[in-house]
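This is the structure I want to talk about, given as structure tokens.
Going by the order they are written in, the chains are A, B, C and D; count residues from 1 in each one.
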Amino acid sequence: VTVATHQHGGDAASKAKAQTRLRKIEGQVRGLQKMIAEDRYCPDILIQISSTQQALRAVSKMLMRDHLQHCTTKAVRASDETAAEVYDELIDLMYTYSK
Amino acid sequence: VTVATHQHGGDAASKAKAQTRLRKIEGQVRGLQKMIAEDRYCPDILIQISSTQQALRAVSKMLMRDHLQHCTTKAVRASDETAAEVYDELIDLMYTYSK
Amino acid sequence: VTVATHQHGGDAASKAKAQTRLRKIEGQVRGLQKMIAEDRYCPDILIQISSTQQALRAVSKMLMRDHLQHCTTKAVRASDETAAEVYDELIDLMYTYSK
Amino acid sequence: VTVATHQHGGDAASKAKAQTRLRKIEGQVRGLQKMIAEDRYCPDILIQISSTQQALRAVSKMLMRDHLQHCTTKAVRASDETAAEVYDELIDLMYTYSK
């Protein structure tokens, strides 16, 4: 099992919380479609897109915290090699995929 | 009718394109829920969140272009007052709501 | 004179304000060098980098406001062609060069 | 010595590299002042601000890598408490201070 396919159960509570948020975000995306269909004022739609992006960022933050507490801890304590792998991934997530 | 409630039909083609993209984004958000349910590796989920955010950004860019071409042009040509209102909104969208 | 080389004097007051802010930013960048030379705690340096970026963003916002009020207004009122050019530039600044 | 004041020497080579980059960034900020003094076209100045921000981001990435390799590894291996402290800091750096 490599780091890339390693899984953790995370916190059942935090998983449920992420799902609730994602369902709300799904609703926001449907709301955006409705706003466009209704020909709403563009800046109002753009503000709603921004709000959807903020909501996704909150989910990302929650998952990142889980990732640090579980996978990162395990990898850093296992060996310098697995620590290096997990750090490369973190740097990518922070600087390539952030936002 | 104030600037805030002013509407424009936009381009029917660009409206259809935005709807297609938003439906795809809705699917991406459902995909994120599936990834969490399946206990997928956190960084993989985080990369998918980033991809969803990029997709929202592309819709935002498309709507902003419409907004400039239609509402902004009309407001700037109407008077210095309506121009100032539309610029305040643009500054907010760029620096407060951007991303 | 094309849009790309067109200049405007802007507001003398806002120009002076931008210069004051940039001198302060220059000092912040020298402060960062000092922090590294003194082997300060990395997260403290990272927070100072973030603060420098916020300060640059504030200058950018100020210049963007000038650009909208002066160049954009002139271009949008001149013709549909010069309006289109200035909008293409704005879209680039917002979505390619923003942050 | 708490985590907040803990220092590490980092890599002398990476420290020198960060200093070189910061001196170049200092020059870019002076260049921005010159552009404003010369009344250069706003979008050109805005693109240079964006370039300066990208350069700061590259320094941040370099320092973050050092921070992970040195301080984070030490804290994560020391105890669950020091690991939790360093993760809280990382989450802040990623989601509050990241640009």
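The working rule: a residue touches a chain if its C-beta (ideal position, glycine included) is under 8 Å from a C-beta of that chain, and two chains touch if they have at least 3 such contacts.
Bear in mind that the values here come from a model prediction, so they are computed numbers and not experimental data.
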### Message
Out of C-D, A-D or B-C, find the interface that copies A-B, where copy means more than half of the contact pairs are identical.
### Response
C-D
### Query
Out of C-D and B-C, which chain pair has the most contact pairs?
C-D
### chain B and chain D, separation of their C-alpha mean positions in angstrom
30
### Summary
Distance between the CA centroids of chain B and chain C (whole Å) is 23
### Message
Centroid from C-alpha atoms only, then distance chain C to chain D, rounded to Å. What do you get?
### Response
19
#### Entry: Set of chain D residues in contact with two or more other chains
57, 60, 64, 98-99
### Message
Show me the residue ranges of chain D that touch chain C in the complex, using the header's touch definition.
### Response
4-10, 15, 18-19, 22-23, 25-26, 29-30, 32-33, 36-37, 39-43, 45-47, 49-50, 52-53, 56-57, 59-60, 63-64, 66-67, 71, 89, 93, 97-99
### Task
Spell out the part of chain A that touches chain D in their complex, as residue ranges.
57, 60-61, 64-65, 68-69, 72-73, 76-77, 80, 83-84, 87, 90-91, 94-95, 98-99
